[in-house]
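Take this structure first; my questions come after.
Just so it is clear, A, B, C and D label the chains in written order, and each chain counts residues from 1 on its own.
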Amino acid sequence: MVFSFIVIPLLVAAIMPLLGKISKKLIPDVLTNAALAFLLLNSILLIKPIFNQGSIIQNISWMGEKVNLQIALDSFNLFMLFTISLVSLAISLFSIDYLEHYGHKANFYALLLVMIAGMNGLVLVPDLFSIYLFLEVAAVASYALVAFGLGYDELEASFKYLMLSAVASAFALLSITIIFGMTSSLNFQDVARGLQDLSARYVIGVCLAFFIMGFGLKAALVPFHAWLPDAHPSAPAPISAMLSGLLIKVSGVYALFRIIYSVIGMTPVMSQVLMALGTISMVVAAFLALGQKDIKRMLAYSSISQVGYIVLGLAIGTPLGIAGGLFHLFNHAVAKGLLFLNSGSIQHITGTRNLEELGGLGKRVPLTAGTNLVGSLSIAGVPPLAGFWSKLVIIMALIQAKQMGYALIAILASILTLWYYLLIQRRAFFGQMNEKWSHIKEAPFWMSAANVILALICILVGIFFTPVFKTWISPAAEALARGVQQVMMWGI
Amino acid sequence: MTAMTLLWPIIFPAAVAILFFLIPTRVRFVREVLAVISSTVLLYLGFALFSLKELSLTTNWLGMGINFDLRLYHFSAFILLALSGFLFLICLYSTVKMKDHPRVREYYGYVFLAAAFSNGAVLSNNFILLIFFWEALLITTYALVTIGLKPTSHRTAVKSLIIGGFCDFSMILGIGLLWASTGTLTMNQVHVEPHGLAVAAFILMMIGAIGKAGAMPFHTWIPDAALDAPVTFMAFMPASFEKLLGIYLLARISLDFFQLKVGSSMAMVLMIIGAATIVLAVFMALIQKDFKKLLSFHAISQVGYMILGIGTAIPIGIAGGIFHMINHAMYKTGLFLSSGSVEHRAGTTELKKLGGLAREMPWTAFGFSVCALAISGVWPLNGFVSKEMVFHGALETGYPIFAIAAWVGAIFTFASFLKAGHSVFFGPRSTEIPKTKESEAPIVLPILILAALCITFGVYNKLPLQNFIQPILSGQAEAQGSLDLTTHALNLFNPVAGVSILCLIIALGIHFYGWNRGGKKAYLASEPIHQLIGLKQLYNLSEARFFDLYEQGVKFLQWLARILFQFIDRPIDFIYEKVITAIGRSLTGLLQKAHNGQYANYLAWTIGGLLVVIWIILQLLR
Amino acid sequence: MIIQIILLVGLVIFAGLAILAKDLLKAALSLAVASLFLGIIFFRLSAPYAGVFEISVVAGLITVLFALTISLTRKNDQVQEARLVKIAFPLFFILFLIIDGLVMKSLLLKVPALPAGPEAGTFGQVLWKQRTFDLIAQIGVILAGVLAVLALFRKKEEDKDE
Amino acid sequence: MSNLWFLYLFFSALLIFIGIYCLLTMRNLIKLFIAIEIISKGVSLALVATGAVQHTILLAQSLVITYIVVEVSLVATALALIINIYKKNKSLDVRLLSKLKG
């Protein structure tokens, strides 16, 4: 049942602080992982009905009363749901061991679950205002999670993140208000129909600009990105993975493109603006990543750069481009989740994240080094890993759309990406072994397990790229590409 | 045999590679046996597939014209056979040479992985598939260079990756352009008249192909790798596999996809690149002091002949280019392997320290000599035949300048190999090296096999030319033109061959002139005296003069070579190392400075960004 | 209408005071007064529940929270604001006033809108039946807020036991 | 769209401007957060005014109430953060929060 994606995490989160009093570790660990595993299973079970029906609209009545709990699920949402469930399960597995030295596991898991509930809700609701609301649910939880360590860096990063995203979501809500004013409705379907009848190009243009700022800040598009390189590295590693892997994509990319495709309708102007923004992010952040000494900060900048790729792909507007963007979204979620978790392993093992202090770890911690290599190469777009295919599809789509300039920049940026990922590899794992690290041990079981699972996904998706792409990504891309028509069909 | 057989050359080595990764490093023997057996199987597979000639496998894959499409025909079968042959020889050689290497486990894994990817690249009949295998080869190259375990290995590996990455990505762009203009991704359906957008596609794809083959200016990592990577890698990748693949693709591009016309601007581009590569790289080879580095510059120089041959767009030239490709792979692999044999026994490859090893290592010396004569184009070895064909082709285009460049290249190729052979195997026995003996059979055998092949392909040149090369060109001949490529293969009595032989004589003259004038006596006599105090300075002086005199005949050329080295080769390195890196760094610094951590600053960007976006959207809507 | 405009102007004035006041407590109180004005505006726009909420929650609860924070952080001296900021504020404010006025004037009657049908039912029905999902999201937000505060104010000593 | 709507939007834009001006120039963390509050007042004013003008006031009203709940939650989190920062820093100056950069 689709509704469980929102209710179960919220319920578990609500009882978690109480259970935390009884058992500090075991029950929160088991319960959280069980809940997330259930969600993953649930999302897999939903695949078949979605393929058969195309989309599911559920209206739920509550205690016999007819209430408006409408959930709309098409291949695009399902794709996002699956990504969220998969990555968050790996992250919570990782947390079992990682959170040992933070303490307060119950509280941590509760916040994590609220954030997941927020993201699931954001993905499922077909309503503009509800999108905003669930965005805030996930955001409030993420502010607290970024600051969870209560260190100086964490607090500073969290404060900046909060202040910037509060402004951004205010603008997004303002834009929703204007659309609400014009169409007198908030439901995707009605709004889409209303906007088709109205001819309000300029107003829609301004609304779009507000959306781009509001959701673009969540997605960390340059120049709205400045909070990310502070917030993501400061958070505990699982949260960095969560933020970089999922939150920026769900509350930024998903929300923006859902509204653009399914409500406003994609136009060439929007496509142009978004492609330019995506490209700027891609290039600027890649250069910034090159200069970093902190692994996590480098990864954070790389997230901005890769979100640039995703936005570039989605903004092309052709089915191939959307498919490439979505595929890259998935690959990046998995690989960046992996890399951030891995950086957590490194920090756990050595106590530092500074690339200049690390070196020659590869011999001592083969699992961590190997999974890091897989993740890095996947994001850098090296075959036969998953990231290569998605970048290739994006570049092909750009060429197909006759956007040679963008294709060229995308190619050059991917060389830059390769460059800084090789930098991590060389400094951290290969090269001269720093004497300090001659007695280190491999990361604990669950941390390594989470890394290995995600690395395997990177490899398997790369090798079985065809079935994955055909059965999984293409339908989602088609659902999105049909856009406004698809949404207007929902009610019928 | 069913079409599924085509999957074997890809899946089998990949599976073997995985097996290699799984075998622990401590287990010895098994690895070597497995390598030899599985490469033998591959060789058999190569022969079996070669006998089939025509086979294709098409599976619907991604839709949108992206199919899993493998196609075996005479050209790809020929390359496939050659690849598996070289793989076999190198495996045989590695059993001894790489036995005690600390990373031997990964070495074999990557070698077989590279073989799998190369086979895939040769067989693929769909551009996307080709890109996949082509790109994947970068990784194996990268990994194999790092296996050198020298301090600078990693740097060189990154260099190869970046340069290779650039070439590959430009190829992707070229393929994209081609796709945009033809609408198909199936390789044997693409035939384009080269004009308009297709010219750009051609140039971009050509960069991809010649970048893989290692032509100028994408060569700079190869000489570095000669010192930093294992010598088996040099024989494996830059000498044989990458040449075969790069030239194969170049031939496909210029014969199938674009149908190059004689004297067209694109053909000229190719010929200029070819000629420049021949001349510039050979000058650099001349002044090298290290055996392997010298060979690596020749590996670059010889690519020039192939590109020049294909660039002529005349059947005999193209055939010469392709024939030169296979010949080059043979003798250059042989040369690298013999340098490895020397390194194996003598422990060094510096020319200064080596000398007179022929007595102790007769088989290696013999193999080296045959290969060196072949690369220099001495009658009746295979190098002579293919170079003659390229000369003829170059002359027939009506631009004799290219033939002259090729001849100049031939002179100095021979001169530098005389120098190398003379100082390594012949001449006085070097005292710096302890007494040694011939390398083990698995090392010598591949060298001798290659030397024998060099002789066979030279003397019985009808065999390869009619069996391998002619079918490839069958579509290229003019309606009436005969396609007998063997007409002037070994003919000594025509003006072109005359000039070539004259070139060889000049080279011989240059060498012996220099050797006789300065060094002969001093070089022979000086070794025992070298140890005496007082005479040391004198010796040093004479040694300095020796080098001075040796190069006196080519003083001008040496100067020229230096200049070229400084101004042609180095700038490319300079651009790679200094300009790109520096620009990147300063841009990074600037951007990093902008992120000063102040909240107001970040908010200002956000608000500014919003205003700019609004403004742009309103402008665009107008 | 006039009253409405007076209220709006009052809202803006108190908002301005809230950021210009030197004393933080006064600033927080000005914010509360601004909320009060906003609540009355809501009320007059026939949104009585929203007005009540605005006055009780924002003017009441949030002001209390602000006051609490201010008293907790009062020990050391205040942060010195740049003097130019306050002098420049009226300048920028008037500038923006003009721009805002011009933009709004140019937009007058330019924004198309669909006519909405008359709303059926009562406020309660709309809130509970039409916007049920928002209630769930509210639960989520409240939960997130509570958990956030719990996480941020957890005792440090407890960490060491774990 | 009636003229009245633009009057309200005019004032709500003023409120948002005041908030952003404060965010850009002021240094006290609490002041900055007051500015966020002012921005959200502007947004809720726009929301209710839209409802009133479009005769969808019941809907707008429920939205605003939800929005106020979000606001409370945000305020609680932010003030908790500010208090924690104050404990670490002994100051409320935003300029000190620039350790993370580059």
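Keep this in mind: contacts are C-beta pairs under 8 Å (C-beta built on N, C-alpha and C of every residue); 3 or more make two chains touch, one makes a residue touch a chain.
Here the structure is a predicted model, which is why all the values come from computation and not from measurement.
In summary, the chains found to touch both subunit B and subunit C are A, D. Averaging the CA coordinates per chain and comparing them to the mean over all protein CA atoms picks out A as nearest. Rounded to a whole number, the gap between the C-alpha centres of subunit C and subunit D is 6 angstrom. Centroids built from CA atoms put subunit C at 30 Å from subunit A. Inter-chain centre distance (subunit A to subunit D, centres taken as mean C-alpha positions): 26 Å.
One simple way to say how far apart two chains are is to compare their mean CA positions; for subunit B and subunit D this gives 65 Å. Multi-chain contact residues of subunit C (touching two or more other chains) are listed as 111-113, 116, 130-131, 134, 137-138, 141, 144-145, 148, 152.
Those residues of subunit D in touch with two or more other chains are numbered 1, 5, 20, 23, 25, 32, 54, 56, 59-60, 63, 66, 70, 73-74, 77, 81-82, 84, 97-100, 102.
The set of subunit B residues that touch two or more partner chains comprises 592, 595, 597, 599, 603. Chains that are in contact with each other form these pairs: A-B, A-C, A-D, B-D, C-D.
The part of subunit D that touches subunit C in the complex is made up of residues 1, 3, 5-11, 13-15, 17-19, 21-22, 25-28, 30-31, 34-35, 37-38, 41, 44-45, 48-49, 51-52, 54-66, 68-77, 79-84, 86, 90-93. Residues 6-7, 10, 13-14, 17, 24, 62, 65-70, 100-104, 107-108, 110-111, 114-115, 117-118, 121, 125, 127, 129-130, 133-134, 136-137, 140-141, 143-145, 147-148, 150, 178, 181-185, 194, 197-200, 202-203 of subunit A are the ones that touch subunit C when the two sit in their complex. Considering their complex, residues 592-593, 595-600, 603-604, 607 of subunit B touch subunit D. Within the complex, the subunit D residues that touch subunit A are 1, 5, 16, 20, 23, 29, 32-33, 36, 39-40, 42-43, 46-47, 50, 53-54, 56, 59-60, 63, 66-67, 70, 73-74, 77-78, 81-82, 84-85, 88-89, 97-100, 102. The touching residues of subunit A, counted against subunit D in their complex, run 129, 133, 136, 140, 143-144, 147, 150, 152-153, 155-160, 162-163, 166-167, 170, 173-174, 177-178, 180-182, 184, 186, 229-230, 233-234, 291-292, 297.
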